[in-house]
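Structure below; questions to follow.
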Amino acid sequence: MEPSDSDLVETTHHEGVLIVRLLTKRLDASVAPRFKTAVTDHIASGHQYLVLDLTAVDFMDSSALGAVVSCMKAVGSRGSLAISGAHGTVMKLFKLTRLDRVLNLHDTPEGAAQAIKPS
Amino acid sequence: MEPSDSDLVETTHHEGVLIVRLLTKRLDASVAPRFKTAVTDHIASGHQYLVLDLTAVDFMDSSALGAVVSCMKAVGSRGSLAISGAHGTVMKLFKLTRLDRVLNLHDTPEGAAQAIKPS
Amino acid sequence: MVRSITFTIDSHLANVALVAMSLRSICSLVALSPEELDELEIGVVEALNNVIKHGYDNTPGLPVTTAVTLEDHQVTVQISDRGKRIPAELLDRARTSCLDMDTDDLTKLPEGGMGLRLIISSANSLEYHVDDGINTLILEKIF
Amino acid sequence: MVRSITFTIDSHLANVALVAMSLRSICSLVALSPEELDELEIGVVEALNNVIKHGYDNTPGLPVTTAVTLEDHQVTVQISDRGKRIPAELLDRARTSCLDMDTDDLTKLPEGGMGLRLIISSANSLEYHVDDGINTLILEKIF
């Protein structure tokens, strides 16, 4: 991850899972490419179990939704990606597109990590 | 008071004091003349002890401040006018103009009524 | 009482949030539900992003205006630009296709192409016309 | 990052709240304190009210624009209109007089005439110029 992404995401480790916490209230087209690269760089460098914590995110648009889909594809079947803290327009978008059926949604990042941690 | 002011103020009586509760979040130049008339009409019709309850008001400009001054003058020395619930920009404006020194400021309308009620 | 305001930004994606946040705050003056406000915000943001990304090909310094009219039971948002127009066939197709993703094969999930459908589903009615090189999209939200 | 937006309203006092609310919401993107934001809101509202009441003599249908630029440590608000200008001597007098009311004699408390001084005290710097019949007031808030 570029140091310039430190305003966008913050990462921690929890039981073998990388928790990527979004720091921005608005995850929109102006930051979606940077967000996608930040996460897929982590995946490329070997992290296969990830949680995207969207607790701080009050607004998401379709560009950011596309970036989340890219992250899911980058993890593929080798690992697992879960999402925590989706609410408001974020949840609305997941439901409108019916992505909520395939996203691994949890209330807290710890709960999400627990659900997907490698055994 | 005109029926058209029912969106602007609501009045109740408390121990001989008329409590005029503002219902609008923004007390600005677009409503200041109506606000002033609504209150001075009450004064003209015999109410000499009044509380202006500004609890709901988040923003006030100098036109509304002028209207409050008009109300004070209309009451004059024959009665008493107190103010309750001033906060945020309302309090800021009272302090900037040093009107806070002469306004009878209270936290609650009941407290204000208690302080000025005719003996 | 009818109140109106026009927001003008330069064609830079980072400015879209300014319109969205302003729209949200003034809509508190009318009785739009939080749910309806979320929908409208999504639609307006998608429309503005599209103007900047597709209409203006990400060229900065070009004007995008958003005129908002607040009435007791309706919010009208009119977005205008001088860029390329939304192709009529894409708009028509988006009107008749639904937003559900086919989630059977995750490797085939779409990463884009949702914007027009989100714009359409955000409002009670959508009108689009081009006059003298000015494209105008009108979204009406009734509540 | 520098972000900008321009708010345009018709000269009607009820529209001033739309600019004020929009300004408040976008200022949440920068580190202005709540106190500083209150000051700026008061200054901008007084300036817009004055343009409508005095500059345009309450004639509706005339444009008032408010351009806002957000930077890391500065908010700049530029208000423009085509009405009568603020008389230079009144602006000068307001710059040097203070806002304290003389509260010794309540029957003499002023009911108006506070706007210009509130505008001046709302910002770190104020500039006013008239070009080609366009009056422009620039308020800078530094934090």
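First chain written, first letter: the chains are A, B, C and D, and each begins at residue 1.
We take it that contacts are C-beta pairs under 8 Å (C-beta built on N, C-alpha and C of every residue); 3 or more make two chains touch, one makes a residue touch a chain.
For clarity, every value in this text was computed on a predicted model and none was experimentally measured.
Engineer: What chain groups remain joined by touching if subunit C is not counted?
Structural biologist: A | B, D
Engineer: Determine the centre-to-centre distance between subunit B and subunit C, using the mean Cα coordinates as centres, and give it in whole Å.
Structural biologist: It comes to 43 Å between the two C-alpha centres.
Engineer: Where the centres are mean C-alpha positions, what is the separation of subunit A from subunit B, in Å?
Structural biologist: Taking the average C-alpha coordinate of subunit A and of subunit B, the gap between them is 52 Å.
Engineer: Express in whole angstrom the distance between the two chain centres, defined as the mean CA positions of subunit C and subunit D.
Structural biologist: 30
Engineer: Spell out, as numbers or ranges, the residues of subunit D touching 2 or more other chains.
Structural biologist: Within subunit D, the residues that touch at least two other chains are 12, 14, 17.
Engineer: If two chains touch, include that pair; go through all of them.
Structural biologist: Contacting pairs: A-C, B-D, C-D.
Engineer: Quick one: which bits of subunit C touch subunit A in the complex? Just the residue numbers, please.
Structural biologist: That would be residues 12-14, 16-17, 20, 35, 38-39, 41-42, 45-46, 49, 53, 99-101, 103, 106-107, 109-112, 114-115, 118, 121 of subunit C.
Engineer: Once bound in the complex, which stretches of subunit B touch subunit D?
Structural biologist: Residues in contact with subunit D: 26, 28-30, 59, 61-63, 65-67, 69-70, 72-73, 76, 88-89, 92-93, 96-99, 101-102.
Engineer: Okay, in this complex, where on subunit C does subunit D touch?
Structural biologist: Residues of subunit C touching subunit D: 1, 3-10, 12, 14-15, 17-19, 21-22, 24-26, 28-29, 70.
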